[in-house]
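Labels A, B, C and D are assigned to the chains in the order they are written; within every chain, residues are numbered from 1.
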Amino acid sequence: MKRRFEQRLRFVWLALSAITLAQLALGSLGQQDALTPNAVVTSSAIAIALIKVRVIIREFMEVRHAPVLLCRLADLWVVVTGVSLLGSYFVGMAHSAG
Amino acid sequence: MTTVQVSVAPRADGSDERAASSEKPGGVRFVPGQPDMWAFVLFEALVFTSYFTVYVIRRTQSPGPFLQSQTHLDLHVGVFNTLVLLASSWSVARCVQATREGSFRAALNNAYLTMLFGVVFLVSKVREWATAIAQGFSFTTDEFFSFYYFLTGIHFLHLLIGFVVLGVAVSRIRSAAGAAPELVETCATYWHTIDFLWVLIFALLYVMR
Amino acid sequence: MRRVDGELVLLWTLPAVGLIWLSAFLLFPGFVQPMSPAMSAEEVVAFYRDPANLPRIRYSMIVFNWFAVGLIPILALIALQIRRMGHRTPIFSYAILACAAGGPTIFLMANLFWLTAAFRPERDPQQTLMFNDLAWVTFSSQVGFLIAQSVILALAIYLDRRERPVFPPWVAHFNLVVALLLIPAAFVGIALEGPIAWNGLLSFWVRNIAIGLWIVVMGVVLGQAIKRQQAEDGAMTT
Amino acid sequence: MSATTTGAVPAMPSGSLMRRIAWHCRYDEKRELWIGWWTLVAFYNLYGLLFFVLARTQPPPQPSLGPAEIVQWFDDRRSGLLYGYAIVSIVGGATAIMTATLAYTMRRMSVSRAFAYSYLLIYALATLPGMLIMGVACTVGAMRPDRDHALVSWLYDFAFLSFEGTMGVFLVGSLIWMAAVLLDKNRVFPMWFGYLNLCNALTEVVVAPAWIFRRGVFAWDGAIAWWINMAVFVTYTTVFLTLLRGMIVREDFGSGPLPELASDRAPASAGTLGAAR
């Protein structure tokens, strides 16, 4: 049992680090037009970050074993943050373009 | 220094069941650490959400200057910082696990390892700031850099508090062998919060466009 | 020497400090014939530049600077008397201590503005006028802590459950009256002339006489209370 | 505290509100605490009313105004400023009894008295930057419409910077309360309130850029330095007022752990509650 938990933690850590390295690629994507806003890069950056955050909360912080209320609250925060960031990005971009 | 006391309030889930659950993850549901710390985490996370939202809104109002300034940040440093903090989260999670199993040697080692990663992060952050300042980018240079120093700075402050928190965990592990791991879990919860907030800061400052 | 004897020593500083305050008050040319807020910038500057006034302004304010905090020991003694009252919590004595530093700090700020105005009388008249305004407004309008300490003391006396109260009830009534008399002074900003103006009947004369009276009366009743405490302590030890 | 001589306590009347209040004033063991609590509630409401409605200095105006606009700002709200801050200076001293009540909560904890004393002193001092300096500066700014524009704009800066920018007292005060709550074994306040104090302390750090920026989100009227901070502060204040009320209800004037709230809401006679312990 102990071993299984250890393995799981290690797997989570490796996965998170791998995603981070993928973000490095994402950030370097199309470096030549780094000066133009890019909705794809932005939304994937935010989405990947939120997925990582959720994994940290569920695995490292062990919310997956927590009472349902805490799971829901944590997920609610992730959703609120996602909606708020992506929402203000797209509304703001549409506003400044229009 | 005396250790901070563990909440003595009887808990609905019961610590006995939790001791059993450490052998069998996926069994009984329990709140890791004090529920009080979770209240803090959720509240503080909401405050950060509001900072992030203000940042994104300001960004979209003048995307050009923000992107221009963003090119002066080194993405590799950001990635490195993230990897270090993820590693620290991993080690603090193992520290909690070791405390539950009663292997205090391993718990202490993992706690010290976490501190080490924390120090690596601090040093790398200070170096990044020093480099930016040397290049002439200060808190007042432009709006992007104001946000950059503000977000990294307030996160840095949380990390400094994190060292106090880890110190509390270490003194608890050292002093009370066999005691309920609640306080160590509480401290770990705080530390993971620093980690996941950084993951968002990293995406917003270094990656988004 | 018993503890209470030391308290009596502190109490006897009051007449000395009071005398010093009175003489400094009379020495300051702006108090004897209180300066009018209706004075123009030029008149205010002339007041500070007048070779007959300038030394008196400076020396009186220096003396105030030395002794502005002289009331704090008295408030500390009042806090100790409140501690003796029949209350369930130390809230009222805490509150008096919280007030203790506030009043003198405000007076010190006013003092600072007066001394700054007098430091360079050749300053631009508008600037001297502003420092003079700041000094007078701080001095006159900031009565909050004085009101609070009277009201808190009155409440503490009313809620004293001892069979033989520490202070007689009339002290509480008196404190409430003093608090009422201080209220109009808070409004000095709204008029440059009349009773509310900072040289007016309500804001200057009533306010300052009320404060002076409070100091005298409280000094006397405090002395009596400490005497009674001495007797009670003596009765307990024998 | 000396022995009390209440004698027999008549039962609480169930009649009109005034009669019940009168009963509480005469016989309630906790009347000092209730006076403190009601002062807190009344003061915060009045404070909001004075600053937001009468003086209209909150939400704060822009720090980027020019001298002529600042003079205009004073012209627009002259009597509001003069009357508003006059009332502030009358009731300002009420903070003493509020702070004393909050300091008493620390006195009731199992921690050293040093916490209560530090809190008392810090918040006694906090009144000056918290509102009194601003009151003086705004009164002086408003009392002479013909004052030199440059000096009026100095008064404006002095008023708002002293109000928004003096953070240390609130920062350290919150941290002291936090430490007291976390170390307390008497369960006067829940642990999470200790952590909430840390949130409040951190927002005091976030205000600091108000000294540097004249426009944008970090200026004294900015989204981060003012609005988010205000939201946190209002939450914090509402929370501690609620918790303080619960603490007073639970208070038994002992020195051990504070009893939990009785689940059946029987109106325990205050007189017997103290005697039973």
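The definition used in the following text is that a residue touches a chain if its C-beta (ideal position, glycine included) is under 8 Å from a C-beta of that chain, and two chains touch if they have at least 3 such contacts.
Small disclaimer: the values here were computed from a predicted structure and weren't measured.
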| said: Suppose chain centres are the mean of their C-alpha atoms. Which chain sits farthest from subunit C? | reply: A
| field | B-D or A-B - the one linked by more C-beta pairs in contact | value | A-B
| query | Taking each chain's centre as its mean C-alpha position, how far apart are subunit A and subunit C in Å? | reply | 61
| message | Taking the mean of the C-alpha atoms as each chain's centre, how many Å separate subunit A from subunit B? | response | 15
| Whole-Å gap separating subunit B and subunit C, where each centre is the average of the chain's CA atoms | 52
| field | CA centroid of subunit B to CA centroid of subunit D, Å | value | 31
| request: Could you list which residues of subunit C touch at least two other chains? | output: none
| said: Which category does the touching pattern between chains fall into here: line, ring, star, complete, or other? | reply: line
| task | Report the complete set of touching chain pairs. | result | A-B, B-D, C-D
| task | Note which residues of subunit C are touching subunit D in the complex, please. | result | 37, 84-92, 94-102, 105-106, 109, 126-127, 129-130, 133-134, 137-138, 141-149, 151-152, 155, 159, 161-163, 183, 186-190, 192
| note | subunit B partner, complex, touching residues on subunit D are 182-183, 185, 187, 190-192, 194-196, 198-199, 202-203, 205-206, 209, 212-213, 216-218, 223-224, 228, 231-232, 235
| message | Using the touch definition from the top, list the residues of subunit A that touch subunit B in their complex. | response | 1-2, 4-6, 8-10, 12-13, 16-17, 20-21, 23-24, 26-28, 34-38, 41-42, 45-46, 48-50, 52-53, 56-57, 59-63, 65-68, 70, 73-74, 77, 80-81, 84-85, 88-89, 91-93, 95-96
| What residues on subunit B touch subunit A, complex-wise? | 13, 21, 23-32, 38, 42, 45-46, 49, 52-53, 56-57, 59-64, 67-68, 70-71, 75-76, 78-79, 82-83, 86-87, 89-90, 92-94, 97, 101, 188-189, 192, 195-196, 199-200, 202-204, 206-209
| said: If we count contacts the way the header does, which residues on subunit D are in touch with subunit C in the complex? | reply: 1-6, 29-33, 35-36, 79, 81-83, 85-97, 99-101, 103-104, 107, 116, 120-121, 123-125, 127-128, 132-133, 135-137, 139-140, 142-144, 147-148, 151, 154-155, 253, 274
